[in-house]
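Handing you a structure now.
Letters are used for the chains, namely A, B, C and D, taken in the order the chains are written, and counting of residues starts over at 1 for each.
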Amino acid sequence: MDLLELARGPVIQIAVYVLLIGSLWRLLGILFLQQKPDFSEPRQAGGLRGALKVIWTRAFTAPVFKKATVYSKVLAYTLHIGLFVTIFFFVPHIVFFTDVFGVSWPGLPNNVIFLVGVITVGVALALLIRRITHPVLRLISNFDDYFSWFVTILPVVTGLIMPIRFGVRFETLLAIHIFSVALLLVWLPFSKLAHTFLVFVSRGTTGAILERRGAKT
Amino acid sequence: MSTSELDVKNAFDMESKRLSIKAPEIRYDKQGDTPDEERVQKAMLHFVKDFGTAAAAYLDSCIHCGMCAEACHYYVATGDPKYTPIWKLEPFKQAYKREASPFAFFYRKFGLKKKVTVEELEEWQHLIYDSCTVCGRCSLICPMGIDIASLVSTARHGMFKAGLVPHELHAVAERAEIDGSPLGVTPKVFEERLEWMEDEHDVEINLNKDKADILVVISSIEIQKYPAAFAATAKVLNAVGESWTYRSDGFEATNFGLLSGNLDWQRDISMRIIDAAVKVGAKMVLLPECGHAYMALRWMGANMYGKPLPFKVRHVSEYLADVLNSGKLKVKKVDKSVTFHDPCQISRRGGATQAPRDILKHLGVDLRELPNGGDYNWCCGGGGGVVTIHRADELRYKVFKLKMDQVEATEAETLLSSCANCRQNFDDCQNHYDWKYTADSLLELVADNLQEEKA
Amino acid sequence: MKTTPTLGQVLQARGVSRRGFLKYCATTASLLALPPTMVPRIAAALENARRPSVIWLSFQECTGCTESLTRSASPTLEGLIFDSISLDYHHTLQAASGEAAEAARHAAMEENMGSYLVLVDGSIPLGNPGFSTIAGISNYDMLMDTVAGAAAVVAIGSCASFGGIPGAYPNPTGAVSVRDLVTDKPIINVPGCPPIPMVITAVLAQFLTFNQLPELDKLGRPKAFFGQTIHDRCYRRPFYEQGLFAESFDDEGARKGWCLYKLGCKGPITYNACATVKWNQGTSFPIESGHPCLGCSEPDFWDGGGFYKPVSTGDFGSGAALAGAAAAGVALGVAAAAVSRRRQAKTIKEG
Amino acid sequence: MTSLDRIGVQAEPLYGNVTPILYEVAHALDRLLEQAEPTIIDLASLPFAPGELSQLEGVLGTGEIAAELDALGASHIRETAFPGVWWLEHHNTAGEVVGRYLEITRTPQILMSQDADISAGRARLVDQLEGESPDSTNGAGTSAQT
């Protein structure tokens, strides 16, 4: 079995299993903790409505905090959009998703994806530099932060290298790319990258509680 | 353990421990003589014992973006990264990871998270108590929607069990539990002060009626420092013509059980009011101008009670807005410019932001909102029990400068608030800085400008 | 051992002019993917080169490889191969048969012991020797007997190189490649189904010209031809870069000649020279006629999961396995929460 | 012109492979002029889209000289419209194309009379002068050419 077969076969399979098991484990391990009823008289309906509201509204910054957070927010949004675009609009990826899920959508030209990928890596570097240099971030950062950064950006880098080649065989590069994705999938549920799904739980929880009080969300 | 046994160990040396944190020149307090190991164990276990889905989701979804620092008055005023709100929970993450997180088994089995030491907890006493007013401003900036303030309250549960509470806060809480008032206001003192105000202001103040629609409570701060609140409340309620009463067996609105982190005391203190209200058949408990009293009874009371309360709970500003809006109470116009300081627990955390604005509209004042005020208002810096902790004074004064700038920017003639604890802090800082603004009571402004029903 | 004439002598005897020889050398340079500046060196080498003896063994094969070679567009077979090599045994092409043919093979082996080339097409069945025999000799025995005195072995086509169709699942004959059996001789794999004829002749030409074997990749293929992917050299590559793909065989993209990646083209992972050398006298190669590359020169291409399946797709196993994984995740999560709650209750009880 | 042209798959006019080659040719002409260094481009080693080869041929055009060589099959050698740029096409005896080259040089090497051929020719000539009958030399000359 060559490297690519290994990557496309057992490695990515195991990674998906780990992702699935780990994510559900973490999610349900949280959701099935005690949920005490709130007996206080609500000011207004909270619950699901409040949860959905905050899941949506917290995507935006309150004007009062804009100035203080604009740099990180712009970088973070660029990173997320960049990852989204490169993952979901690169045609070979779409082909892959179509094969798995059966649905297809239009992609973007490769040079656009390449550019977005380069920007994504650049922004990630800027965020890393900020994490290392900003006193607050340096203090609160731990292994998870740095390793998650590495694991997230690795597939982008291995993807970007593919058209450049550096004299390495395409199969080897593709295999490395898939390995890096597998690493991401395996690491995700056990790290801060789980915020991909936990963000909905934490925002939703706050929304449900505070909206019920009529408090600011 | 007793409050008199002030077990003041010397401030511990942090310099050798953490490079990024400057050693504060403050002492750390311990109650009792529990062995350190056990203190840590208790702090950890009692932090997580009430952990439900909400708290777990919060601690698990933090991405360490550090934005919460920008919302915290302690960080903004000092620039010291240790005041980053989520960092205040750092040692407690270990407890969560080991005890209640989905992968707790692995954390316990393989010791994945560094063990917390008692020295760290002592250090964190400063972060959990001295430099957090539980104002919840950070909860609004967090992109993950984490309610960090609620986590700090939970952390205090652990700290209390471990006997790692600042002495003054522990002392007032213990006094509140034993004597019924954090400031030593016994029922006898309460009654004396009430009667004094009744005479002084020539107003009928109902006390210990058997039946009443409204049970009115008051904070010890008002009793001792702003007793005019007795008269102001009575004037308003009499003017509306309510059936109401104060009760000697349930008058204290403050809840230092909540602030110090003792859940049992919090329940005891809340139950005094609840029992009294049930006894008089109250339809409403009217809370005084006190921020955390609102949080304790309005939003946590029923959960202490274990079922829905058989009465409504309203802050006096909500009540005033209500009777003014419905026309049951009429006020004269007041011709002055006013700015209003929103108490965190009532407005941002409690949801009653609109009420004071309705009242001020009826008074016809020139309301000049604080810049970035309302729900995003800077905390006065004295909430969450911080004002009681003397060693935190210097920091408190430093942080108050934010408040001063904010108030001064409005150029209003009068500063109002609806929380005696805020007003107390304003007074103290006004004194410290020789500042021109005094925080006045919103309730008193209303009471002083009632339209006499009959000429 | 008889002395064979040099190639120069052979050509001279045939009255080929120097110009014709230079032309032949230029073509050889082109074949070997050498720059045209190498022509004088090639000429010098070829003049003195001696015709090697070649024995061609055909096992489990379809004769497609021989067909490919005999249609070689390089200097014609009669003009190059038969002039420059001594094809002493090829049971499809030779006139002799049966014992006479086997006698010719043995004679060639004895005369050129240690210096002859063995060309093999077809895979070797190990399941039962009776699956494929020649003159009553099993393929295995014939191969091992013949390669014993060979200078090198050239495995021609995917069957001889990697097992090919006979070796595809479920491999009923237990077919294996030459490399699986021969371990003590240099082996040059020239895979493809069929291989590009020029590549076969180029390997022979290199052996002939420089008396050496070409540089090989890890799969034993000459790097000169298998060093780059079809995708690397494909004229449709610009469309790939622009994200313009044919979605089906009859859509606008297909008509406009856009990239066939989505139709399962194996170009990106197939190492071969089709895109430049082309087929049918340099006319075209499959992608040029609108069909994706099948990857025929790669190992196990028959079992690669579908000719029309795009290359980036992975295999996630069965739905049942995924559902099982999900169920396991749910169970672990609920159990973890239950344990946590028990521990919390204990803390509360103990106070 | 035939029904073949109506088949679905058609060549897009431009894949972009022609222009780079033309640039390479221009640089090769520089080298020829400045350093007297000839260049040979093996067209078989370059990827061409359908139609691009003839497009290249069309762009280069036809110049003043065209030569036919008959050795191991025919070869067409002609100068393109750009002096110094030669188009060489080798065929085998079956008439199939076996090589296509662009030679940027003053005269392609293969057009030059080769020393070996010259000396062989000279030998024949000397033989002839030394009294052989004209008929037999004629026959030898013919056989040497095929």
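As a convention for this text, a contact is a pair of C-beta atoms (placed from the backbone, for glycine too) under 8 Å apart; a residue touches a chain by one contact, two chains touch by 3 or more.
All of these numbers come straight from a predicted model, not from anything done at the bench.
*Asks:* Quick check: more C-beta contact pairs at C-D or at B-C?
*Replies:* C-D
*Asks:* Taking each chain's centre as the mean of its C-alpha atoms, which one lies nearest the mean of all protein C-alpha atoms here?
*Replies:* Nearest to the common C-alpha centre lies chain A.
*Asks:* Any idea how many Å lie between the Cα centroids of subunit C and subunit D?
*Replies:* Those two chain centres are 32 Å apart.
*Asks:* Starting from the mean Cα coordinates of subunit B and subunit D, work out the distance between those two points in Å.
*Replies:* Each chain's C-alpha centroid was found; their separation is 96 Å.
*Asks:* Using Cα averages as centroids, what's the distance between subunit B and subunit C in whole Å?
*Replies:* Centre-to-centre distance between subunit B and subunit C: 80 Å.
*Asks:* Would you mind pulling out the distance in Å between where the CA atoms of subunit A average out and where those of subunit B do?
*Replies:* Chain centroid spacing, subunit A to subunit B, equals 37 Å.
*Asks:* Considering subunit B alone, which of its residues make contact with at least two other chains?
*Replies:* 51, 100-103
*Asks:* Among the residues of subunit A, which ones contact at least 2 other chains?
*Replies:* In subunit A, the residues touching two or more other chains are 25-34.
*Asks:* What parts of subunit C, by residue number, touch at least two of the other chains?
*Replies:* Expected reply: 332-333, 336-337, 340, 344.
*Asks:* Which of line, ring, star, complete and other names the graph you get from chains that touch?
*Replies:* Contact pattern: none of line, ring, star or complete.
*Asks:* Which pairs of chains touch each other?
*Replies:* A-B, A-C, B-C, C-D
*Asks:* In the complex formed with subunit C, which residues of subunit A make contact?
*Replies:* 2, 4, 7-9, 12-13, 16-17, 20-34, 91-93, 95-96, 99-100, 107-113, 163, 169-171, 174, 178
*Asks:* Over in the complex, which subunit C residues touch subunit A? Could you list them?
*Replies:* Those residues of subunit C that touch subunit A are 229, 231-232, 240-245, 261-262, 268-269, 271, 299, 309-317, 321-322, 325-326, 328-330, 332-334, 336-338, 340-341, 344.
*Asks:* Mind pulling up the subunit C residues that touch subunit D in the complex?
*Replies:* 15-20, 22-24, 26-27, 29-30, 33, 35-37, 73-76, 78-79, 233-236, 238, 250, 254-257, 275-277, 281-282, 284, 288-290
*Asks:* Quick one: in the complex, what on subunit D touches subunit C?
*Replies:* 8-12, 15-17, 40-42, 44-50, 52, 69, 71-73, 75, 90, 92-94, 96-99, 101, 109-110, 114-117, 143-146
*Asks:* Give the list of subunit C residues in touch with subunit B in this complex.
*Replies:* Those residues of subunit C that touch subunit B are 332-333, 336-337, 339-340, 343-344, 347-348.
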